[in-house]
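Each structure below appears as structure tokens.
In the two complexes below, chain A is the common chain; its partner is chain B in one and chain C in the other.
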Partner chain A sequence: MEAAIATRNLTRVFGGKRRRLQRKREPSEKRVVALDSVNLEIPHGELFGLLGPNGAGKTTLIKILATLLLPTSGEAYVAGYDVAKDPFPIRKRINMVTGGETSGYGLLTTRENVWMFSQFYGMPSRQVKKVIDLLAEEFDLQERMDAKVRTLSTGERQKMNMIRGFVTDPEIIFLDEPTLGLDVTAARSIRGFIKKWIQEQKGRTVLLTTHDMMEADELCDRIAIIDRGRILACDSPEGLKRLIKKDVTLKIETDRLKDTSVFRSIPGVRNFAVSENPKGRSMTTTFILEDDAPIADIMSEVLRQGSRVHSLKKTEPTLEEVFISLVGRGLD
Partner chain B sequence: MLFAIYSIIKPIAGTLILVFMYYLAVDVGGEVGIERLAYMFVGSAFYMFVFQAFFGLFEVIQGDREWFQTIRYIYISPISYYAYVAGRGTTQMGTAAFGVTIVLLFGKFLLNLPISLSLGLLPFFLAILLLGAFCTVVIGIALAGVTFLTARHGGGMSEGVTGIFYVFSGVIFPLSVLPQWGQILGRYIPLTYWFEGLRRAMLPGFVGDSFLLSISNSLLLVILAGATVLFFLVSVGVFRYTEYLARKKGKIDMTTAY
Partner chain C sequence: MRVNLLLNLRALVGRAYPRIIGAQREPSWIFFETLLPLLTIAAYVYIYEYLGVPQFVGFVVLGGTMVAFWMNILWSMAAQFYWEKQIGNLQLYMMAPMSRMALLGGMAVGGAVMTSTRAVATLVLGVLIFRITLVVLDPLLLLAIFLTTLAALYGLGMIFASVYLLYGREAWHASNLLQEPVFLVSGFYFPLKTFVTRLGAGGLWVAAGASIIPMTLGLDAMRQLLFPELLAYGLLRPDIELLILLILAPVFIYLARISLAYLERLGKEQGRLTLRHQ
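Right, the complex of A and B next:
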């Protein structure tokens, strides 16, 4: 049985070409490699996560798989069909939800919006109305189903979009940062639904992009870490954590340091990421170390820069540390 | 209230501009037959179909892309996007039909223009009306496909194209008024035959251009049907090509906030 989603050397480049009427003196559009030879195979029934920072290529990959964008080279297959040559059979089987946007027709009610989109899939109207009610209950949106879309809050709009995406019961669904910009409760409700849906609807496949480590860890069967268009690692969350099991993870909070680049030259430091602490002069640096040996050198460097150490902690590896180890920076 | 302004007051006001221009011409230049006013009035009334359809069609892609941000979900659904746009264009024609009817009734009963539709000409009227409406939609779709590749300018393009049709397809004056090249251009615009047919059906005793006079009603239908088929094929081709380019360049769902 073929995979739900498969890509072979999938590459997408934006820009870089001089337009026909562009003057020679004008610089050509900057060339951006959004996806660089991406190879993935996602079997049916898997909740697969793509974890990466903004601009990593996650949305580009989803757009290609959802038949919105053509690849520059390579191949991509969804439900066994080529996205470039055969988009129509794919479209019957997929749906997509994107976070952080305000899509919808403000003049229509929530129910009318969802119903209208279901009709593009040829769903029987009576059946769809029942499904809409069930999903509205799942997302606790019953009371807002007859409200005009323009009156919905950001969280309610996103819940409406989730209902729109799931109402067609797709074989494969693409969720592009579905909890982006939502409060904790709304995000939890959406995560809870995704988890429940994949457990109940056997054989359905979810491709979820996120830059939320906890979300990826909590939901996904497997995760691919993507940065600058390249897949750096692909495994289960536990498998990814095992990649740096032998490494030492050190979190050190200090006054702001003048120069952090010197840490790169300390033997035994595999990688590190710095995050500024809000409303304060302190910063937290997370180190991935080969062993305990470099700790003394790191402390000496901190003190040499005249900085005070507020706290120091050795931790168990999390996805965040795996990410720092592979990418060389955090997601923030 | 908005509906009344848009569907009743706006079209009547638009047509009244022509009526006042006619009376001004009478005042300045002497007697001008009422049939001239009827010519302008009927052409102007049915031109609302063209304006409304083009305006709506040019806004479909950019509106769904930039304002409603729904285009990606419609585009990835199993429905043909061409069919979806055609549906939106047809809806615009339906909305325009209300305004056209109001304006024609206004002309007949308040301006006493010789507008009428005999039962004998009803089949011809319906055939020419539907063919022309379909032709308008398919031409509009072909041109609307271009908006896949642009960030804005849908409104400007629609006004530009409808402006060309307004001048060169005999909407308010006969082709014979135009210079030779303009008359030739007008003969290649299918809407010229549409307006001619509509006038023949609605204005008894109407005498049009000498060039169009030689074309019988049935030949008029054949010409319009042929042009409609041709433009349908062209619109499918243009729309598919621009859609392909937009998908290649990543412009299907671009939001520019431009």
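Right, the complex of A and C next:
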């Protein structure tokens, strides 16, 4: 059987030349390669994650797969159909939920909104009602189903969006940062549902994008790390962590350093990423090292810059360290 | 085939629903969409009465009522996809397996039904307040003209909706631009024939041009059928006007289909069906 999702040298470029129907005086946009020769193959039944920082190209990939955007070159197939040539059979089999989505009409109730969107898939109303009731229970949203949408909180609203996306029982669902901006409880409820949904029935496929390492680690069978439109690695969370298993990962917290680029020239430093701590004036630098040898050089460089070391610890490799070792910076 | 027909029928009803049901939930519409138009109508009524031609009062009440449909075309058809894109509905519509005509059709049917309730309310109030007598000699022809006018008018609205698909705020300006000039050339507040009597042959061209907007001929025909004493002010015979509208309606709907298909494709190429941050 063919894959649920497959791409071949998929490339998408924005801007660079003046568009048809664009006014002459408007300057043509800067050229951005949002996706650069992406090759992916996601079998049916997989919960596949795309992990990457803002602007990496995650949403662009999802829009192409959801038949909302055409590739500049290369191909993409969903459920075996070409997104550019054969969008309608794809559309019957997919759905999409985006984080922070504000879709629907405020004057309608939650239930009416979900019903309306289900009609665009031709679902019989009686069946819709049953499925909506089941899903409302899953998300613990029964009490808000007959409230007007504009009275919903952010978390409730995103639960409605999830119900909207899943009500059509898609074969393949695209979840674009579905927990973005949610409080812990709402996010947990959504993650719990995704896990349950995919286990409930064989062959269901989820493509999830996130820039939350823990979310990716917790949910995904496989993860592709994407940056600047390129897939840098693609494996199971464990497989990705194995990439840096032999490496030493080290976190040091110091006063703010004037120049961190010098770390790059220390032999044995594979990569590092800096994150400013929200409180105070300290910062944390995460290093991926070949072995213990460079630690002494790092320490003397910190001291040379007149900075104090607040703490230093070796850590277990998590996806965050994998990401840093591949990309050379943190996710945020 | 049958499955797709059912799907698209459901989609059409689904899209019409918020316009028909949702829009009635806000009682402020009675004020904004029924009482406010009456103020403009009243101004014209008093002018005609002052000039000693009270027979035109009914004329103006009907015209002023029909304005609601043109406003609905501009703000809820033409500019619609702009709002839908902003709130994130457009991408959900475009990725659904429904035909684009079901989407446009749902907007049109919903808009026509909703606006009709407002128009009827305004008309009833206008007739009562300004004590107008309507004489319905040929109710079937009247109904046919009204419905065909709506079909052609909303067909034009569907073209607008698709042409505006890729625009941002410009859609708003364009709608503004199409408001007052059409009030004038469509003769909402005076007989269309005035163009001919005032401007001669040139006026005929103005009237002919204005007839692209189906409300123009529809209104002219309905006036002749409701106010037989003013028959002489009609531009063409009502049955001929009906014939023209019967041609315009399918042509407009067909053009809407082609233009939406073309612009959707262009939007998918250029990344303009969705907002960048969505």
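FYI, the second predicted complex is superposed on the first by the 321 of 332 C-alpha atoms of A that agree within 3 Å, B and C clash if a C-alpha of one lies under 4 Å from a C-alpha of the other, contacts with A are read in each partner's own complex, and residues count from 1 in each chain.
Here, a residue touches a chain if its C-beta (ideal position, glycine included) is under 8 Å from a C-beta of that chain, and two chains touch if they have at least 3 such contacts.
All figures in this text were calculated on a predicted structure; none of them were measured in a lab.
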Answer with clash or fit: chain B and chain C placed together on chain A by superposition.
-> clash
Identify the partner contact of A:T59: answer first if only chain B is touched, second if only chain C is, both if each is, neither if none is.
-> second
Identify the partner contact of A:L68: answer first if only chain B is touched, second if only chain C is, both if each is, neither if none is.
-> both
Where does A:V32 make contact in the superposed view: on chain B (first), on chain C (second), on both, or on neither?
-> neither
What is the contact status of A:Y105 with respect to chain B (first) and chain C (second): first, second, both, or neither?
-> both
Thinking of the overlay built on chain A, is A:F14 touched by chain B (first), by chain C (second), by both, or by neither?
-> both
Going by the touch definition up top, name the partner, chain B or chain C, that contacts more of chain A.
-> C
After lining up the shared chain so the two structures overlap, which partner does A:I94 touch, if you call chain B first and chain C second: first, second, both or neither?
-> both
Is A:M123 contacted by the first partner chain B, the second partner chain C, both or neither?
-> second
Can you list the residues of chain A that meet both chain B and chain C?
-> 14, 63, 66-70, 88, 91-92, 94-96, 98, 101-105, 117, 120-122, 164
Touching chain A in the complex, chain B uses residues 68-70, 72-79, 84, 247-248, 250, 252-253
Going by the contact rule at the top, pick out the chain A residues touching chain C in the complex.
-> 14, 19-21, 59, 63, 66-70, 88, 91-92, 94-96, 98, 101-105, 107-108, 112, 115-124, 164
Would you tell me which residues of chain C are touching chain A in their complex?
-> 3, 6-8, 10-11, 13-15, 17-18, 21-23, 25-26, 87-89, 91-98, 102-103, 166, 266, 268-271, 273-274, 278
In the complex, the residues of chain A that touch chain B are 14, 63, 66-70, 88, 91-92, 94-96, 98, 101-106, 117, 120-122, 164
